[in-house]
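Pasting a structure below so you can have a look.
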């Protein structure tokens, strides 16, 4: 039975999931710090700078504060839902984030351990690979609406309930534009698989049009050049999905106080916070995957990079690790850029009114996304003639 | 026990338990949440059956849309607890439970019988393996050739429902006071 | 004890599971009083049918079952939309969701 | 472009036109609606041409473009595809339908200009073309039947187009009901054929036909073909179901031209030609067809002589000419039937459109007694009408001459024909020459009897252009089917028509070539008689208009009989419809009211009593109903399992 | 590794992680001291006198219903999008394109109707 050989693989994969989850959680304090420093920079003030170098220790102080807050349940709340909601806020984000490929796979050759031979293995730098990647991610992240409703209803407060309804109505409205803007992308790559999409974007811009091969070597072969409208729509919808400014209508000091998490404090509030950042991370990751080449390096194809890595390292395993490292860095650079855009936008744009928000989603973005779908299909059809 | 078998039993337990909770919880909101759990469980069962795309659609449509609608409506009604959650009549109740129980027994029996009859036809013959892409493409191929009329008809159906449901929901409702 | 039954998962397992889910949904339809829970029980029944479709699809090696699942999902969503619209409309007017109340709608 | 796309465009273009015009049916702008409709049909025409060009470029064997879009239904063995075929026969039909259709659409723009329901009119017209294309292109009887019913519907809608006029609405109804009788027979025919052959596909039927040996007089083959022929008599206005066609003239004149002259009424002929290997195996049916065709040809022609409504004359002429086609079919001359179908489509459409132009110019006047001398007011209409006239009376070298004489030759010489059939044909031709000349004389020639407050005028170019094109076709269309006997004197001109249709037409058993002398003699006979009768008619109605009245006076009973269309309508009423009504009334009173009703009341009381008992079950409690379903399922399942 | 195994691991770790997180959420924090005011639902200064009974606009529900219907229509486009190129390469491109355009036309008509009937207006 091959189970013995599998155990190592299963262990590594399990650990990988834990690591990715921790990575996601640990990125949140850093992003919070970035947001606070960044907003200060944008607004021409100093931001946190007292605790530790550059105010970095502020994160720890925050964490301590969160963990030591009083832990109580309001009288009118439903305890089960009240406790469950923050936990559920984390799960969809974490599960969806693990499906994002962050680098090329690492090859591990055979080796001796515990007196038997192991390997060879291939480890993906993503939680798990699933064939219908996008559909899966969309499905999982559509579960986020429950968190809002559970929190809002479970708190037993009318502000939370209204905030939750607002937030979920907004989330589902923009999910339409989000889902529709992806149709063009799917058509472009002809696959749901995120890795295949990434690999389709390597090298210089080149495509076939009416039987002619067109190549523009000064541009990378990124999705944004094929689907600019989809990129804009997707990114805007992602803002609304994660309830970020300018679409953070779920909260409002004057009308709804803190929205659906009004009654939450301490660690539970923190989890909602992590959930929100989780959404941002998924959105940024997908943005990079769909439109900015994923983990590939612009102008350089994966094959070229493999060749170079093989020439500077001794074994295939080391070469693949090196390549994976470079790809991982490339991915993170792009990823960080979009996270920064999220923060940047938040401190730059004013928020919408609720009716404007719904109008934008239903009457502007949905028709444009439809138009994008039709045009893409038409162009693909014409180009193939 | 293999991972697959464990997975099946685990998911079967989850779906059955949450399915039972749907009808046993007296508070409709917990019913709705349990049903959402059942949907997720069934989605995972689809994955074990290699129906990846269908699993994703199940998540998006059922868990992500239909059940959200249910939850929203219940919150809209603000129903805390059903005053009378179950039927009252003792006799009809007994008949109902009995018929359901009988049905369960019969269906399971029928399945067991027919499976033993069908014999080799039900042997594991998975033509649809792989990561789900081929299946989805094949699905598209069938949907847009053999089932194209059903597909267009569903488009019209959805239009009709969109018009009708909105008209219904905004209507004053009812013609007379009871 | 014969462990074959536990370790070797086949079509029968899925069919029995689906049958049980169906029966649970049916029980819900029969015994619950809240219209919305009734509708949810119907969704449960539809879901169990979807499960049988997909299971047969896999074990018979034809994809038509998947298409049927697609169609069933659409119908189920349509049914939920209209059913809930009715429920909302009646609730707004009479503040009532008990199925027995709906008897007043007859003729 | 590939064939399926072309075929889809061919069929769907008029349908799209129908949808567009149907959606804007309240609009009054005739030009817009007409342009849309005309363009739609013109697109269809172009794709028809492209398809036929492709067809011609194929090798003569297997010259056939078959497209199956999807499986329409599959019930056990019964499988029907939405399949369409362009072959030698349907190629002719689609060209005629879309070509003549385009011209008639164009004409309609001018003719229907002032009408309020013009968009609706064009929508119906396009729907008709769509259905007609389904009819001729369908690769199985069932697909054809869809078109068959569709054209019936459009015919009904268009005859009763001015439905506010009760009489016209009734005419529409009459057409519809008469057609239904035929359609019922058509359905029966399909059943019989399906039981016999297990398929409704044309090519399969035709291939299987010779394998069924016909042992009895009324075997399956004869029965099926006879039923189909009855269906054809309904659609193609043959005895006894012709009565609807003259009344159908209540519709707008272009409709009469398109539906009731050129296309729809020929559907019966087309259907028989398409199934010719099947029909040729049933000689008894063929005989019936030939006799009915010949009888209709003569019968309708006699009525035509006495009619005074310009459109009625043409209508009876159409019935008569259709009789010729059935005569041709009946004697096995399928090619000749198709040939006459095509030439007739041209010259009859021309004449109908010409009459439309006359009616338009005369401000809705249709009575030829109030016309006369229109030659000088309407020169173009007159010239084109003359071309049509020359064609229909069989003037040598005009199109009608070739087709009619081919039919007559076959009727004389074919083993299935006989000199009697030929004689009937010649009489028909003579009568045709007479009443057509009468029509010409009373309408265009002689002294003007136009009432002084009417100012006839020539129609606009949009109406005359189609006339001119059709006139050219009426004159020259016959040249593609010049018989050998004439062709060899014209520099050995080949008979394109025969070559083209040859692979599709089954040979007549026992056929021998006609020797040239016979053919010349036959031709001479019919031409001579027609000429004489035309001259007589000219004498009667132009030179001495008093003579026909005197003659009519002297044979008054006969004249009345003919003038009243042999009292066929009245006979139908007196012989069939009224007795039926009386019988129904009596049965209603004695059987229904006094017996059945009492029984049912009694039964009703019983049921009500039981019902009030059972009503207690129907509580309105949905869950109880669900429980009943559940119990039912339990019982059914346990029955299945225990069995 | 079989895919079932992957799912198994994911589910297992997700559940385990959720349990851990839930535990963490309950363990952390200091034990609260009971105070009736503190345990009241949040209000903006004035104590809540009415019971929690809020009339919620039916608009939210309408939005959700329309979301479901349009979401399904979008889901139908996915298999189309994914097999569109294959259809083109096998020659059925025009047919599939047109049939999807018909579907989208119905979609647009529905959207247009909703906009026109003001089902999407928020005030």
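A few notes on this one:
Order of writing sets the labels: A, B, C, D and E. Residues in every chain begin at 1.
Rule of thumb we're sticking to: contacts are C-beta pairs under 8 Å (C-beta built on N, C-alpha and C of every residue); 3 or more make two chains touch, one makes a residue touch a chain.
Quick caveat: nothing in here was measured; it's all calculated off a predicted structure.
Averaging C-alpha coordinates per chain and comparing to subunit A, the farthest chain turns out to be D. When the interfaces C-D and A-B are ranked by how many C-beta pairs touch across them, A-B comes first. Seen from the Cα centre of subunit E, the chain whose own Cα centre is farthest off is D. Our note on geometry: subunit A versus subunit E, Cα centroid distance of 17 Å, whole angstroms.
Computed from the mean C-alpha positions, the centre of subunit B lies at a distance of 4 Å from the centre of subunit C.
Subunit A and subunit C have CA centres that are 34 Å apart. If each chain is reduced to the centroid of its CA atoms, subunit A and subunit D end up 69 Å from each other. Counting only residues that touch two or more partner chains, subunit E has 3, 5, 54, 56, 58, 60-61, 64-65, 67-72, 75-76, 78, 82, 84, 86, 94, 100, 107, 114. Touching of two or more other chains is recorded for residues 26, 30-31, 70, 73-74, 77-78, 80-81, 84-85, 88, 92 of subunit C.
Within subunit D, contacts with two or more other chains are made by residues 623, 627, 630. Chain contact summary for the complex, subunit C toward subunit E: residues 70, 73-74, 77-78, 80-81, 84-85, 88, 92. Remark: subunit B residues 29, 33, 36, 40, 43, 52-53, 55-60, 63-65, 67-68, 71-72, 75, 130-133, 136 touch subunit A in the complex. Listed in rising order, the residues of subunit B touching subunit E in the complex are 3-4, 6-7, 10, 44, 47-48, 50, 53, 57, 60-61, 64-66, 68-69, 72-73, 75-76, 78, 131, 133, 136-137, 139-141, 143-145, 148, 151-152, 154-156, 158-159, 161-163, 165-166, 169-170. Here subunit A touches subunit B in the complex through residues 129-132, 135-136, 138-140, 142-143, 145-146, 149-150, 152-153, 161, 164-165, 168, 172, 175, 179, 191-193, going by the rule given at the top. Only residues 6-17, 19-28, 30-34, 36-37, 39-41, 43-44, 47, 50-51, 54-55, 57-61, 63-64, 66-67, 69-71, 73-78, 80-82, 84-94, 97-98, 101, 104 of subunit C touch subunit B when the two sit together in their complex.
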